[in-house]
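Paired with chain B in one complex and with chain C in the other, chain A is shared by the two complexes that follow.
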Partner chain A sequence: MLKSFDNKALEELNDSNASENERAKKGLKKRSDFGYAVLFLGPSLLLLGVFVFYPMIKTLYMSLFLTNNFGQTTIFVGLKNYTSLLTSASFLASLSSTFIYVIGVMVLTIVLGLALAVFANQKLKGIQFFRTIFSSTMGVSVSVAAIFFLFVFNPTTGLLNQMAGLLHLPQLNWMTDPNLAMITVIVSTVWMNLGFTFLVLFGALQAVPRSLYDAADIEGASKSYQLFKITIPMISPSLFFVGIVTLIGAFKSFGLIDLMTAGGPNNATNLLVYRIYQDAFLNGNYSQASTESIVLTIIIAVMTIIQFKVLEKRVNY
Partner chain B sequence: MSIQLKHLTKKYEGSDTPVLENVSAHIEDNEFFAIVGPSGCGKSTLLRMIAGIIPISSGSLYLNGEVANDLAPKDRKLSMVFQSYALYPFLSVFDNIAFGLKARKQPKDLIKQRVDKALALVNLTDHRDRKPKDLSGGQRQRVALARAIANESKICLMDEPLSNLDAQLRAKMRIELKELQQKLGLTVIYVTHDQVEAMTMADHVMVLNHHHVQQIDTPLGVYQHPSNEFVASFFGTPQINLINAQYQNGSLKMDEDFIMDTDDALIEGHQYKVGIRPNQLQINSDVNNGNAQVVNVSQLGDRTMVEARLKNEQEVRIVLDGQVDIRPQQFIQIEGANGYFIFDADDRSLVSVKKGALTNA
Partner chain C sequence: MNKRLWITSIIGVIVLAVFGVFFSAHSNADQSAQSNQRIKIIFWHEMTGPGADQIQQFADNFNKKQTKYEVVPEYEGSYNQAIQKVLQTHGTNASPALFQSMDVSTGQMRNANITTPVQKFIDEDKYDMDKIMPAARAFYSKDGQQLSMPFNTSQPTLFYNKAVFKKYGVKDLPTDPSYDDIKNAAKEITDKSKGAVKGVTVDAYGWYFEEFMANSGQTLANMDDGHDGFPTKVDFTNQATVNAMNWLQEMNKNGSFISFGSGSTSASNEIASFLSGKLGIMLQSSASMGQLEAAAKPGDLGVTYYPRPNGQKSNGVAIGGASLWISNDKDSATQRGAWEFIKYLMQPENQAQWQKATGYIALNKDSQTEPVLKELYKQHPEAQVPSNQLARTKPNATNSGILMEGLVQMRTITQNAMQQIYAGRNVNDALKDAENQFNSYLAQHNKANGYSNK
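Entry: the complex of A and B
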């Protein structure tokens, strides 16, 4: 009797022990899974949180307030910052020059990058030299490029006007005429972009099998027909990638503008990002700068989505 | 459309040895002409020279009697099937086949009619809207073929078109290709490293090795009258036996115990190679001490393959009909051969072809 009772008690004890153990194990497992997840995600979450998420949310928050000179929020104004911004003539002018700049940069970068890549993909003697040269702008910093182009475009002492003078061509006021200043910064940005664009497109071209062109030669397709019907479709994923990267990069242009024109002359090259910089750090108008940042983010997002929707159908992966 | 090659040579800049030297051949209208050789012998280069993708260094190429050396590929009125098929991955089957016709700005209804006809010929009508990546290897091969057909040129160049297919499909396509060639009256130049493809499909075979033409003949011709050791060893599976022998007193001595009489007037004391096809050897396995020891036996069901070694270590391959009971280490007596070739051991050229029996002296 006693024995059996003992046994029973012992069994019960064992049972409860076992189930407790199991529960403990499960709990431990759950806890440790979560722990591992935190361990893996933690560092990047922390970095992203501090440098991306927090500034993003703070910007959005500030765009709904007025701010003092120290960037502290004072009065909640809702969407008033947005309505006044979108009706401001100077902001709209800045917006339109940004679009002109972005479109100019994108079209020229891709067309020239593709042209250089197609040229460098030919089997010619010494082509390796050109391949190196074409990709070399990747190694040039913005400030060096800006100074170089200031030398080129300077209206009085610049290389371009001196050459024009020698050839008895009209000398243009590259940096001081509002329209020409825009061309100047577009050309400089395109030059900066070319190295990367060339490298990506050239890499894509190298991956196109020669036999496709051999077959097209035999079937009677001209070289230009081959370019549009074979080369471009074959490298469309890379073209698409370069397009998106150039678009976003152009919207965010700052360095060249700051060093070459500082937004002038007469705000002709006052692109959005430069304007944000001026409003925030020169004029101390943080809420307006925040509002402009949000608007820029939305524009870039919308443009990128449009590009995906419109172009992705024509991309052949 | 006939094709004539006269002393074609290809030399690359900065290299002394030509890739191809002095290649001449005459390919008749409606002929299936195979170019065979081991990899690196220059056979694809020759095909590309005919296609116009690679310029000709010297010599002349005649297409239909006219010099075509400097004609652009598109003006040579030929089509080509590539080893990799060279299909455009972003185009549907239909558009792939129509590519050349569209490039030549043919009217739409003509394109449709020709492509439909080509699709029907290769049994791909149901797959016209698919992309190449959704097709099997065999189907892709057919698309490449259809593209060549839709072109309606009378010359078709093929660069190892079946080499990416599995063995069964390859056997099937060999027959289909040959049928198609005859049905359409095509002149086909077919590059391959596979002697079986050359033997089964071709009207004439050009054997290339080391940048030179070794022989041009019918498939049976290269098998029965190989111009040299290389050609003999390239055709026929398993490979022909090439046994070193010395000519002494009217007989060829391959080994102390393997000597055969010959009535050829050979040079006394000179070294020769006796070429004997494995299925031509006659053996007696019912001996206690023969002139060769069995090394390996492979039972293939319908045949038995025996590898044996002469006493001077020379290996001999023997193929026997049916299932023969022979075991490794066993001694056999090689008694003779039903036919054999004699090659000069120095320049490897054919000296004599023997149809009659050769018996061990």
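Entry: the complex of A and C
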């Protein structure tokens, strides 16, 4: 953000100085350009250097060592941390649960968000009320949502199991059954994400010209045909945006996991970010945490590139 | 010169000025602290709720009582987080003079050499340590040297809902129940309530895992649970552990056991179910006593000692909780001040008040005759059970804690093993996996820190 702004500013500056520079000697011009570049890029480079590049390089460095209790590097092990991590069954399990979680959250958030947005995009009496309700989860903090869902999913006193009991349905251990815990966490995350997704997609729908639907109606196109041939292509930039934001957000999920399952039961919801936190700040195993961070960075970078390369071609701006 | 350049320069100057003001304000604050006559004792703790309030109260009273020191309690998050903060800030002026650190961090704190053993002050003052409960003392000492002062001390305790027992005509549990006593009662409750009430739960919590071994007199790590040197191997596949895990799995299979998972939320879910009469028996820290007493009807709360293996006398359980450590990176006057505050906290009336406010056990033997506790026991006779369990425990190598590093990691691993066992996995396989996993971690950890027994 900062950097691109500075580049732009620099270009504009160059343009406005063009006539002056023509008169100036060539060497002098180069030197003053460099001065400007340092002046404008300096602050952002300094900040990025201190808060982004240095920690990144340090993380990479630490991942090649063993670290002691104080987080100091002691024994150089080369890529051994990586090989043992990538062959560890529990890490691979974490990795696969992370992917299940991310894909589950992304797909459900977009599908449900779109459904709600399409529904709310009608002219009905009282629709304003529903529009407010649908976007209201944006205002709910993670901790409040976690407590709310803990009440819903509590195995004996929870709302869900109480209702199941009344209807004589089997009562499930939503949070303690390793197979169900993931579903519970995904549902909670989707609920949290829904408000924002709804708002973005609803805003996009409002911008689709009415005339397109009128034309389609006159031609006798069905509603579902209109959805896939008009609505979705027209709002594809917003869908793309929501997709990337949800993807990256899901990879970074921490609050709900920490508050609801703490990575359990039996590591079923021990997603990568949570694992890194546990290894660094609870177990004090900094080299392991650094190794995991590097792996996570690579995964997110690859996923984002794929999304940009593949999906962006299908987006109509 | 270009106009934009001017604007940028002005912004730059403003930013610098703001930084300047910030830093000068900071150094002013330092100066004013120095001009204060009292020596500041920064005290890091990890208590929340009533515990935090009570600590603040103790500090206020201590500060009023004398004029030499000023104790400043600061809350530092969870136990696990606090360990890392203490280690990472040591030697800087951000570090505390006095800190509370959890039971399982004892080995790590000792090896890190960042504290002055309280034994130094005990010797200087000829402080009478016999007044402090022996099992609690033993947990935080090595080779006869007291490393830290036990503070908030709990015991793993079994709680049962007497109202539920009565409703389904089940006999009350004995004070020292065996695995079978519990299994039978849990089955009876589940059967008679047709599954509406679950018999028993045991949190998948590493502490309980360790306590099953302690109560059977089984060492967990070699080198006598670390009391003899750096442990290099753990043993999870011993008969005592297998028996305990088989017992839990059997109750799971016969439908009388319910799992609430692990982590902080599992305990609150469990207590909620217990109090609403949906659960008969649970293991909990004695520190939950206050909360349970406040919520249960008088006489409904049953409390017993920790479960013991069938046909075996209980060896006694290790304590849980945390102790107080004095950092060695502060000058001797500050360290002395920290010790004075520790002594104040250990006074009989303060320990009694601590137990009443929090449910942690009063560690001063004289506290038991304090009016505060006498009154408490009169109203809630069951509140005495954890103290009795602690008082009757004769410390030995297997029930005085494990002086080993990486116990936080170990608990994650044993908790997973417990959850696998609850989900029906073969007990031996689950334990063997956990054992291998932790042993390889331990080998690497010892190597990285340069620990060896030679």
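Assume the second predicted complex is superposed on the first by the 270 of 317 C-alpha atoms of A that agree within 3 Å, B and C clash if a C-alpha of one lies under 4 Å from a C-alpha of the other, contacts with A are read in each partner's own complex, and residues count from 1 in each chain.
Operating definition for what follows: contacts are C-beta pairs under 8 Å (C-beta built on N, C-alpha and C of every residue); 3 or more make two chains touch, one makes a residue touch a chain.
Keep in mind that this is a model prediction, so the values were computed, not measured.
Colleague: Looking at the superposed three-chain arrangement on chain A, would you call chain B and chain C a clash or a fit?
Modeller: fit
Colleague: Taking the superposition as given, does A:T176 touch the first partner, chain B, the second, chain C, both, or neither?
Modeller: Touch partner of A:T176: chain C, not chain B.
Colleague: Can A:N68 be said to touch chain B (first), chain C (second), both, or neither?
Modeller: second
Colleague: Contact-wise, after the overlay, does A:D217 reach chain B, chain C, both or neither (first, second, both, neither)?
Modeller: In the superposed model, A:D217 contacts chain B only, not chain C.
Colleague: Touching A:N283, do we find chain B (first), chain C (second), both, or neither?
Modeller: second
Colleague: In the overlay, answer first, second, both or neither for which of chain B and chain C A:N154 touches.
Modeller: second
Colleague: A:I298 in the overlay: touching chain B, chain C, both, or neither? Say first, second, both or neither.
Modeller: Neither: A:I298 stays clear of chain B and chain C.
Colleague: Does chain B (first) or chain C (second) touch A:I230, or do both, or does neither?
Modeller: It touches chain B, and chain C stays clear.
Colleague: Mind telling me which of the two, chain B or chain C, contacts the most residues of chain A?
Modeller: The partner with more contacted residues on chain A is C.
Colleague: Rounded to whole Å, what minimum CA distance do you find between chain B and chain C in the overlaid structures?
Modeller: 37
Colleague: Name the residues of chain A shared by its contacts with chain B and its contacts with chain C.
Modeller: none
Colleague: Applying the document's contact rule, which stretches of chain A touch chain B when the two form their complex?
Modeller: 209, 211-212, 214-222, 225, 229-230, 233-234, 236, 316
Colleague: Going by the contact rule set out above, which residues of chain B touch chain A in the complex?
Modeller: 48, 51-53, 72-74, 76, 78-80, 82, 84, 86, 88-90, 99-100, 103-104, 147, 151
Colleague: With touch defined as at the start, can you tell me which chain A residues reach chain C in the complex?
Modeller: Going by the criterion above, the answer is residues 9, 13, 16-17, 36, 39-40, 43, 66-71, 74-75, 90, 150, 154-157, 173, 175-178, 181, 259-267, 278, 280-285, 287.
Colleague: What does chain C use to touch chain A in their complex?
Modeller: Against chain A, chain C makes touches at 2, 4-5, 8, 12, 80-81, 83-84, 87-88, 90, 108, 111-112, 198, 204, 258-266, 269, 272-273, 276, 278-279, 405-406, 408-409, 412, 415-416, 419-420, 423, 437, 444-445, 447-450.
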